[in-house]
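In what follows, a structure is listed as structure tokens, so that the remarks can point back to it.
Letters A, B, C and D mark the chains as written, and numbering starts fresh at 1 in each.
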Amino acid sequence: MQIAVIGHAQATPGEYEAAYTAGRLIAGNGAVLICGGLGGVMEAACRGAKEAGGTTVGILPGTEGGNPCIDITIRTGLGHARNVLVVLSADAVIAVGGKYGTLSEIAIALKTGRPVYGLGTWDIEGVIPCSSPEDAVMRAVQDATRSRTA
Amino acid sequence: MQIAVIGHAQATPGEYEAAYTAGRLIAGNGAVLICGGLGGVMEAACRGAKEAGGTTVGILPGTEGGNPCIDITIRTGLGHARNVLVVLSADAVIAVGGKYGTLSEIAIALKTGRPVYGLGTWDIEGVIPCSSPEDAVMRAVQDATRSRTA
Amino acid sequence: MQIAVIGHAQATPGEYEAAYTAGRLIAGNGAVLICGGLGGVMEAACRGAKEAGGTTVGILPGTEGGNPCIDITIRTGLGHARNVLVVLSADAVIAVGGKYGTLSEIAIALKTGRPVYGLGTWDIEGVIPCSSPEDAVMRAVQDATRSRTA
Amino acid sequence: MQIAVIGHAQATPGEYEAAYTAGRLIAGNGAVLICGGLGGVMEAACRGAKEAGGTTVGILPGTEGGNPCIDITIRTGLGHARNVLVVLSADAVIAVGGKYGTLSEIAIALKTGRPVYGLGTWDIEGVIPCSSPEDAVMRAVQDATRSRTA
């Protein structure tokens, strides 16, 4: 089971906290965390997942670097096109805040039938707003479990 | 000068007409038409551009096919990631209607600083709503000219 | 009909001359020249094609720039992955000299069934060595014509 | 430390055995196995790594599937362009047999400065022929360790 947390590389304190908690819970539920490998929301989710003993995957736009909490580094060199891989590799997606890059990921997730749970993110038809990281992860895990056993 | 027309592969009659007119005007202004190479809005824009004596470029998600009005066929095999190339290759973008694929293109265009002119499309901050294809193309040509001479 | 000329961004004088002649002949035969959009062999082929009144397409690894003889600029931001698009977009490929990047293009061309004509390039099974640019273009045009009418 | 095993989706018995052993040893040395996620050489390496308690990553050309021994599935939908990601994500590469797809990966690995150790694979300048999977993995681990601590 692979769950993505998407959001901006510069997070507000609230976004950082939400992503961190989401990461902890994703790992606590035995799922692999997928993200874009950079800072902000991505790093927060990785940090949470690592502290809960989970596995983190960073799919980078470039060919080096990545935040210090990544276990598996996928170096793509694809630039913006790597956004597509982040959501395709996830069974469910949690969006925390986010700007245009996050919007492009939400769009591809919805186009390819992946559920998107939102925490203070874009108000797009199809995104399911959640009240808390706990709420978002619980639903994402249920969806991912269902799609894996379907 | 390269201007993209983006939208869904199944167009409503109104969308088809708008995209066709936009294509005609893009060609009439001496710009190259960039699109995703498939049917619907993409084909309508190509048809308009060809009838006005212009040049059309289709950037396909697959490795074959494309609508019959394409002059230059870029076969990518990249799937959804080809959306990124359509907007990166354009100096300005005109969005006609559209669903999630179009939304992903709008998002990448705005992220990378390309102006997006909208005709009945997603209401996203940064998209400039236009009253007609004439209005959209006039503005797009002005922007593209400016960015080329900057 | 779209024919690619591939090779290194730093060309020897002999490679530059061969690519220039190939570009002239490709345009003279009414085919569109596809290339990677940078300097050296790519620029030489574009220059030849332009001087013969042809159309040139540069598929760039980055998101800006390109040599001055490109008509249609495809900005990918894909880095090395753009090599795949250059050969997929061609009906036949002419390789002039070249290093590892060119080798990757030859490999994908052969994998996807595109004929590869070689001028002083990698000696790989499947590459058809040619005695001159004239020889290479003549064969490439024949192949491309055949695949288009198949 | 991430080491890729590359090769064809249809392996000969000898190639399967070599890839399986390489996978076991990669995992035994604490490295993550990176591969293209399909059958043949890729599956053999994954099987070996899993039996030695390691972690396996499959970077798929499509958007679903993958061999049954993959822990982390990267779904790209990029087609042939995913080959680039396999080698960019590796600190060192072991090539077992292989056809044109493998050749494209060898080329990109050498272009981007990754060491390539060969077991019955393409005879390309820069590929270091090895006498056994043990030999190949020992050298790859040394290289990967060095590049990680550089």
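Quick note on the criterion: a residue touches a chain if its C-beta (ideal position, glycine included) is under 8 Å from a C-beta of that chain, and two chains touch if they have at least 3 such contacts.
In this text, all values refer to a predicted model and were calculated from it rather than measured experimentally.
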item	value
Chain located farthest away, centre of chain D as origin (C-alpha)	B
Interface with more contacting C-beta pairs, comparing A-B to B-D	A-B
Centre-to-centre distance between chain B and chain A (centres being mean Cα positions), rounded to whole Å	30
Chain centre separation in whole Å, for chain D relative to chain B (CA means)	40
Junction residues of chain A, two or more chains touched	63, 76-81, 84-85, 88, 112
Touching residues (chain side chain C, partner chain B) in the complex	2, 32, 55, 57, 59, 63, 71-78, 84-85, 88-89, 112
Of all residues in chain B, those that touch chain A in their complex	78-81, 83-85, 88, 99-101, 103-104, 106-108, 110-112, 124, 126
Of all residues in chain A, those that touch chain C in their complex	63, 76-81
